[in-house]
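Order of writing sets the labels: A, B, C and D. Residues in every chain begin at 1.
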Amino acid sequence: MSFGYSKISKCSVFRLILSFSLVFAWWEPNAARGVERPNVVATTTVVADLVHQIAGNRVEIDCLMGPGIDPHSFKATPRDADRLARADIVFASGLHLEGKLSVLLDRLARRTQVVQVTDSLPKEKLIRVTKSLYDPHVWFDPILWSECTKKVVVSLGRIDPSGSTQFADMGADYCQRLETLDQQIREKLSTIDPTHKVIVTSHDAFRYFGRAYGIEVVGIQGTSTESETGLHDINRLVDLVVTRRIPAVFVETSVADRNMTALREGAQSRGHVVRLGGRLYSDALGAPGTGAETLEGALRANVDVIVSGLTGEN
Amino acid sequence: MTASAAPPLIEFHDVTAAYGRRPVLWNVDLTISEPCLFGVVGPNGAGKSTLLKAALGLVPLVGGNVRLFGEPLRNVRKRVGYVPQRETVDWDFPVSVMDVVLMGTYSQVGWFRWPGRRERQLAKDCLERVGLADLARRQIGRLSGGQQQRVFLARALAQQADIYLLDEPMAGVDARSQEQILHVLSELRNAGKLVIVVHHDLRTVREWFDAVALIDRRLVAAGATHETLSRENVQRTYSGVVDILDEVGHAVERRSRTS
Amino acid sequence: MNLSNMAFEGLFAYNTLVVMIGTAAVGFAAGMVGSLGVLRKRALVSDAAAHVTLAGVATVFALTGKRDLPVLLAGALCAAIVGVAVLVFLKRFTRTRDDAVTAIVLSVGFGAGIAIVAGMTARGVPGSAGLEHFLLGHTAALTSGDAALLAIVSVVSVSVVAMLFKEVSLIAFDQSFAAATGWPVAFLDYLLVVLVAVMVVVGLPAAGAVLVTALVVIPPVAARQWTDRLVVMLMVAGLIGMVSAVGGVALSAIVPRLATGPVIVLFAAVIFFVSCLVAPKRGLLARVARSLRSQGIADEHG
Amino acid sequence: MSMGELFSEVGPIHGWAMATAALVSVGAAAVGSMLVVRKMSLLGDAISHAVLPGIVVAVLAGGQPGGPLVILGAIVAALLTVWLTHVLRRGVGLAEDASTGVVFTTFFSIGVILLTSVASQVDLDPACVLYGILELVPFDTVTLYGCEIPRSFLNSLVVVGIVGLGLIVSWRLQVFVAFDLAGARAAGMPVALATIVLLLFTAMTVVAGFEAVGAILIVAMLVVPAAAAELLVHRMHHVVCMAVMLAVTGSIVGYLAAWHLNTNAAGMIAVVLGFEYALAVVFAPADGFVSDLMSVAWLRWRVACEDQLAMIWRFEESAGVRRVTPPKGLIDCVARQWLAVTGQIRSKNGQWRLDSYSRTKAESIVRSHRLWEAWLGRHADLPLDHLHPPAEFIEHHLGSRLLRQIEDDLGQERRDPHGSDIPPEQ
């Protein structure tokens, strides 16, 4: 017999019995579903969006870390194991964005197809952080991100050969849209006074964005969100903000904003009022209905926030 | 005498005291009406300390009750001074001799307030009486065993009580300290206080105490020392025939748990 | 020249001062409250209380959906007080040893917190991920509001300690005497751990679980090396806590990329180890010198 | 669907996860029982914080996440923690918890400083390097004799095997040292060795546990089942067995609960273990609250019934001189009704009578009462009128062996101090 996974949630008694039977059950990824659509698991919302843009509704996309969830504070549940086990293919961002999960994904590759979308990018185009590690937040450079589509198109074609032409078309289409988006962003950002072209934010997620659009990016915390800040760094930032009269600083959806509050207070004490420019999407996209549930939407939202923050429209 | 008018100083009425569920002291019925130096004597594990703790409400009573000055304990707590066994405290604690003696005045000082000049003077006097005035500032762990015991005695003196309960004040104490302690205790008796001392050394009982209670898990005999401390009574106390009481105690514990 | 200038500026920057005031207040109060805790053999109650707060934070978030600091703090405080109540209860009424009780409350409380947070995250409740970062410190990011709150709570705790110093030190030193003279030992005991719990909860968002625990434990044991008087020990512990805070903050203001909270802990740890070495009576050096001298005397006489 | 299909691609995911959790918990519970007895319960928590500098240094030295170098670094840091704690306790005279607190906070701070200053350019999230995700353990497999077995399971198997074997070999020594340190030292046992071995085992178990199931859980697994087992059973090997059983059931039930409630398994297992401990506190056969209440209630009931029987027996003995008074309290009333309904007593012409069975019972109670009065009268300094109340209490507690002993002690005496006959043994 076969279970539709979505049916399970309907009856809690049934669910309880099932929770025991599932323990000893062995899954077959394809036969276990009534629907014929391939099952794709994406780690983050950003990757899920990329796959969705290319595959549309031909595949069922299941995102491991939902909107607003920082990959660093991801806590797995047994159902996540189910989801990974049932996946026909797993898409991950790569470059160690997924932390511990990255290591596991490498091993998971032995049983399921695992595609780390940023793997295909030439290393010289990436921002190197240490000897062996690169900044994983590639999607903030739309042009660079569009290069990842190729890999997704090929991988999707392998599990759903009949759709491969469609994937290629949609991929090309998406690349084009990203290019247009890139142009739009450039135009919008050009309205900012060059001395104010600084994004001060709580963690270093916007290096690619800064490189692509010639904006200086300063983060208080390192790439990881867990480490604590030193006072020297805060003072240095206050200095920077005050001397360059930067009108606004930004916080991120998924990261605590205490550092920014302290920073603004420090600047204010020196007579320079810094606005909280608003929230930027970084590691995770917005919830459905916010308009920022796609990368394009999130980037537009970010750019709007940045422009309105830094052009000093009070 | 006037005993008929005034209620007895301390009255154990059929006291059975337990650790947890196991009775360790059985049916003690003891009344002391007059101020005296009263020894509680018996072998190890006879429940001597338990008797004092029963008087102070520190162990639960399975049966019976204790009255002091004819009243329940909580009404007259301030009139009872206590010297616990020396092993019960952490001697590395950062307090000076003076601090410890001042603790005796705490219950009179009451909540939130600090001991004042009057209390400090009192504490100093008490230290003087036990012959430790010159060590007032020393940390309590740096004293000899006998000196520590005298500090505890001074603390009890600072309580300015009418009944003093001392738990083995002579255990592991040098001769000089023993003498000093005994001296202070007889002073107290002469000042009209009742002093009850748990004691384990039979040899010195006769010369030190006015009256004794012989205890071995139950009261064997009590009264004036010369009458009570007969060869027969002592034998009954130390013979261990009442080991049966231990078994009965265990039986009570077991039965009240599992049956 | 330039370097020293920068360092100088960093030391007197607004944020440095705010952080210094906040942490110094916590350092002083934690040192004093911690002294009593350590003497009562309750040093790690703070650690347990800190971990239990996660359950409270998670529950409050689940109920209200708000991530405002005051709301979360209220939840944390409730959880911490319930946690220490369970702790005191288990210590009194079960055979389980003190340290095991602490470990049980700590791990089960934290596990419950994680379970609630992960449950919400799995159901896609926005903002629920990373609630456990509440336990991590953001010492360098103290705002003036935080510092004021910390200062107020520190003043309150210090006054409670000053008011109940006599009673609490009595039960810490000699519990049976305290009970025999009619003091409510259980109540005072609970009051002491609640005081520690409040310290912890207030210090958490500013300092983090580990720093708070360190400030409650290390200054008192360092102070104990220097004195045999309780009052002096409390004062010295408070002072060491304060000095560590000021020193740590200053150092992290001068040297780049030095996390403030951990530097404070290291400062306290260094003070502790130095104290163990050079303290006049109990220090290692003093003891070695004493034993050498007594050996010398023995040699002379022998 | 054929068997071949059934076993095709995905293994029994949750089965492996639970097996790993259970396996780790077995080692943790065994070591933890020792730690709890030796008052070192907080070591797990301390180690979980203190391994950080070891990991950071190992990663800086080129260690890979989850690789042997990182694990080695963690174990070294754990052992250093344990050793320093020991030194502070012995050398400086700190209490156990204070020394633990000093060491682990210091170590953790060193770790964070290393992380932020030296290693800040490395995206080194300690959680990624060492702490495992229990749910995803089954995906990280190695092939052994053609079987896909999770790597963490194998690692844990090795560690638990070593620890288990070591504990079994040094069992008597460990138990002796745990219960009587001074005695063991006096007996010339290698106390230091025993302690070092135990601490080494702890460090290994904790680090392996991190790697397999995460940090939250290992602290709970070390202490909670052991503490619960201590409430339930009393001998050391029973404690270890019980702790292991509780740990394993806790792991499995907790994992299932996590699946059912859709939440994190490690957190849920910790909660279930806590629940087991709470159950032990409430229902433990010897010390639990419920058994306390039940035994008190049962005792009161038994006393009430026995008192009724004894009263009627005395009435019969005195040939009607003594009266059978009406029951005083509710419980006495119910007791008499119960005795009447079950036929142990019968009302005849308004007089209560015992049947032969209940007469035996009543007689033994009265016998016990009078023997005790006689014994107390002989051995304790009590006035005659003070003998009855204690005997009323004790009569319900004395077994036949004790009664015989008392009888022997009394010698030829066959009357109680009030002059009544003591009934002979039936």
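Some points to look at:
Assume a contact is a pair of C-beta atoms (placed from the backbone, for glycine too) under 8 Å apart; a residue touches a chain by one contact, two chains touch by 3 or more.
The model shown is predicted, which means the values in this text are computed figures rather than measured ones.
Shared contacts of chain B and chain D, meaning chains that touch the two of them, come down to C. Chains joined by the most contact pairs: C-D.
Averaged C-alpha coordinates put the centre of chain A at 38 Å from the centre of chain C. Look at where the CA atoms of chain A average out and do the same for chain D: the two points lie 48 Å apart.
For the pair chain C and chain D, the distance between C-alpha centroids works out to 31 Å. Once the centre of each chain is set as its mean CA position, chain A and chain B turn out to be 75 Å apart.
Among the residues of chain A, those touching two or more other chains are numbered 72, 75-77, 79-80, 226-230. Counting partner chains per residue, chain C shows two or more touched chains at residues 114, 117-119, 122, 255, 257-259, 261-263.
The list of touching chain pairs reads A-C, A-D, B-C, B-D, C-D.
In the complex of the two chains, the chain C residues touching chain B come out as 39, 163-164, 166-167, 169-170, 172-177, 179-183, 224, 227-230, 232-233.
Chain contact summary for the complex, chain D toward chain B: residues 93, 285-286, 291, 295-296, 298-299, 302, 375-376, 379-383, 386, 389-390, 393-394, 396-399, 402, 405-406, 409.
On the side of chain A, the complex with chain D involves touching residues 15-16, 19-20, 22-29, 31, 72, 75-82, 84-86, 96, 99-104, 107-108, 110-111, 129-130, 133, 136, 222-224, 226-230. Within the complex formed with chain D, the residues of chain B that make contact are 14, 16, 26-27, 29, 62-63, 92, 218-222, 236, 241-242, 244, 247-248, 251-252, 255-259.
Residue ranges of chain B in contact with chain C, taken from their complex: 56-58, 74, 77-78, 80, 82, 84, 88-90, 93-96, 99-100, 103, 106-107, 109, 111-112, 114-115, 139, 141-142, 155, 159.
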